[in-house]
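To keep things simple, chains are lettered A, B and C as they appear, and every chain counts its residues starting from 1.
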Amino acid sequence: MLGKSARADWILLIVFSVLVLTAPITLTPIGAGYPDLLQKFAIYGIFAIGFNILFGLTGYLSFGHAAFLGVGSYSAVWMFKLFTMNAIPAVMFSLLMAGLFALLIGYVSLRRSGIYFSIITLAFAQMSYNLAYSVLSPITNGETGLQVRQLAPADRGPDYVLKLVDEDLRWVDQAFGVVEEGIPITNLFGLKMSGYPGFYFSAVLLILAFYIAMRITRSNFGMMLKAIKSNQNRLQYTGVNTRPYLLAAFVISGMYAGLAGSLLAVTDPLAGAERMQWTASGEVVLMTILGGAGTLVGPVLGGMIIKGLGSLFSSYNENILNQFFSFLPEPVREVAVGISALFVGEGWELTLGLMFMIIVIFVPGGILQGFTNIIRMFRRKKPNPAPAKSEA
Amino acid sequence: MDAIFLQILNGLDKGGAYALIALGLTLAFGTLGVVNFAHGALFMLGAFVAVAFNRIISYQQIVLDPVNKTAWGTPVEIRTSYAETLFGDFGLFLIDYSVPISVLIAIPVMLLIGIAMERGLIRHFYNRPHADQILVTFGLAIVLEEIVKHYFGANPIPQSAPSIFSGSANVGLWLGLGENVVYPWWRLIYFGFSAIVIFMVFAFLKFTTFGMVVRAGMYDRDTVGLLGINIQKRFTIIFGLAAVVAGVAGAMYTPIFPPDYNIGMQFLVLSFVVVVVGGMGSLGGAVAAGFLLGILQSFASMNEVKQIFPGIDQIIIYLVAVIILLTMPRGLLGRKGMMED
Amino acid sequence: MAILEVSDINKRFGGLKALDKVELSVEEGTVHAIIGPNGAGKSTLLNCFVGRLAPDSGTVTFKGKSLLGLQPHEINQAGVSRVFQTPEIFEDLSVLDNVMIPAFAKADGAFKFNAWHRISRRAEVRDEASDLLEEVGLADQSKMICSALSRGDKRRLELAMCLIQHPKLLLLDEPTAGMSRADTNNTIDLLKKIGERGITKVIIEHDMHVVFSLATTISVLAQGTVIAEGKPEDIKGDPRVQEAYLGGVHQ
């Protein structure tokens, strides 16, 4: 019995890894097999897995997780600017900074629960966003966003004031005598992090993130988190101090967000405050519930669907729609194109909002549960009075 | 002294908008128990009622002048609005007063939208977890925003107040504070308007039987339901009322702040903070906190303050909210037991 | 030896004096029932034991240590478990999980960051939980999600959740409230059975049948003060108690 569930987890992990690593091949037929999009899938998969550790397991709905994503991105870009274009230190530093930031915000926010918690996290995220645009401009470069720039010339006069947001140092790279032509791109010990190597870097981290989340879910710690979601009051009277558990979950999920943020910066070494906006926090909530909050694979799936549909729908325009509906007679086609044009291109957000509503209304358990329900319907089995929650 | 008074004045109109939105949020929350993230979108829809009305009423007919030519030799275009052609001076009056008139139009429009929203969506979420309510209304807000964006574009659309109110009121002279305390007429009117609306809502709840039932419902929903009162119908009307309050607040605000599709979200986040600071479920708290935070924000935008605490104007409201929530869990005037699960 | 000592507890709610100089001493190994008419302050008193309410004055000492000002989890870790009036369980977890969680809380303390090892490694906890479920008669339902349990089974489960912690003191707040006569009798049997473990119990109860079946000592609370205390047979005959309470129930 015990061995069986452990073996099932290993199989799940292996299947997951194979699917992730072969994604460039398997997703090509549906037109998603290019590295940029795949990398996005992996990154937002990490973000959603982390968010799920908090929301899916404990039921605490944070509306401020985008702030940690932003912190991760800024931290990574600073590592690129100051030390080296190597991705590893950037990722490490982002994890550290996002963790610290999450510790601070979590410590304060977790003194309240329910909707109050949601609103405090929202307030913190808005604060971070506003500060990034205004006072923190020396760190965030305000509206322009923080970017990797060319090196500051070494032979400048003594009275020159170095402006770090405009000129970079990259001490470590310089110490090793790395020659830069123009603005450099990120690397992993010399391997350029663009195209497929970039994707595989994120993919390996996604698998690692998935594995860690799996261990957490199956651990004592994970069990306590689920108990918090189920009945926090009872758990306290059972002798468990729930706050450190919640704080740990909050910090872990904040670090996941930081990791995702740093990987965004590895892909494209640029960080802007819009990444911290609360609509971005809303998006990760949607990914998680779309796939199925509390499940392991669901959030990754949700992230893929949203980012995939996002890039698909945004790329459509009226010409493409006209071709698509070309089999229809002229007047019908115009109507069809007119209506569907609302939802594509710029209108992708509308589709996103509708999806949000449809998911919450009809399949609050996420699509994984939706599939389970459909399968059950076809088997014509009456729903089990107490269906054990699927945790796949 | 003058400066302080001026800052208080400056905070009043924004505070009025916060208070009106927070009032509706609180009404919906206190009676229906629904956390409505689409409430800001109702404010935005109200604003766009004003924009749409102004567009329709000032729709122009272009006639080429047969005699006069421009410097480039093309005929001068004579633009007259259909409203003027059809109604003469009254038409011009309509255009000039498009904002106050659209406030009147917004009342039935928003009532219908509110009722439709409650019947079509909100009603099915009474017994769902708050997280689901937040998420579904968040989705609805995005949908409403995007529809408006599709038809009106993404840019802010300025509206003008009636020309008679275009200048500034010399409030300082009235109160004997000196001539430099001046305040734009329309913002003063907005403050008065919000005060009247708030007064009307409170009077409605206080002095009508309907209001009495609603207040009882806010206190104990189950019991009122057991008394054989059709609470469902009243909930629908209350939600409609909340939508109207948000809508007129939005329509009236257009000359102060040019609305774009996203204005609702900006105000929503702040209004939620206002509701929480005031105390979830407390109408008085929502109004008090709305004005309080509006005024605080205007103080924080003073240069003197910004020199000491850079960036404080950007975060003051959130900061206050966090501090209040941590020290007074129920907010300023919150009732015990509200949302404490 | 007294395991729980309550002295001079006062609690006001606005103008209402809910508890007035309550003195109570629970001997180790006894089943101490607190009875009294509605509004006598029984639940208020219990809430003062477990840190849910802070009394205005007075002391609550458990094994020589004050319980006042402690968080609920600290009181539990000191050895006091509680059964609620309406069963408080982890509704959307399995029956077995419900019992394992308190077992972990006992074994690992109030907080232990153990996020890496699988729960299944702790076979001893699982076995203990299974054994206990067998004992309370829930073994067949151990894989079920709790929300599907009957009310009586939920009550039994909650009891098991307390028992697995081997508490030194078990507080039971109306353990048979809202139960059918058959379920009530089952619960009495179960409580008698666990009585063999020698756990000290404080029971708050309305149902005289339950009280006289289980209690070894009874305190009668009326209008916020203890008006009588003694063995069940003494209490039965006490005229003050009959006046305040029993007359109203045994019509």
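Quick note on the criterion: a contact is a pair of C-beta atoms (placed from the backbone, for glycine too) under 8 Å apart; a residue touches a chain by one contact, two chains touch by 3 or more.
Not measured: the values here are computed from a predicted model.
On a Cα centroid basis, the chain most remote from chain A in this structure is C. In terms of Cα centroid distance from the overall Cα mean, chain A ranks first.
Each chain gets a centre from the mean of its Cα atoms; for chain A and chain C, those two points are 45 Å apart. Averaged C-alpha coordinates put the centre of chain B at 52 Å from the centre of chain C. Note: centroid distance chain A to chain B, computed from Cα atoms, is 34 Å. Taken together, the chain A residues at the contact with chain C in this complex read 2, 5-6, 215-216, 218-224, 226-227, 229-231, 233-242, 244-245, 248, 252, 385-389. Remark: chain B residues 35, 121, 124, 128, 130-132, 134-136, 138-143, 145-147, 149-150, 265, 269, 272-273, 276, 280, 310-311, 314-315, 318-319, 321-322, 325-326, 329, 339-341 touch chain A in the complex. On the side of chain A, the complex with chain B involves touching residues 59, 61, 108, 111-116, 118-120, 122-124, 126-127, 130-131, 133-136, 278-279, 282, 285-286, 289, 342, 346-347, 349-350, 352-357, 360-361, 364. Chain C meets chain A in the complex at residues 50, 71-73, 76-77, 81-82, 84, 88-94, 97, 100-102, 104-106, 108-120, 122-123, 143-145, 147-148, 161, 165.
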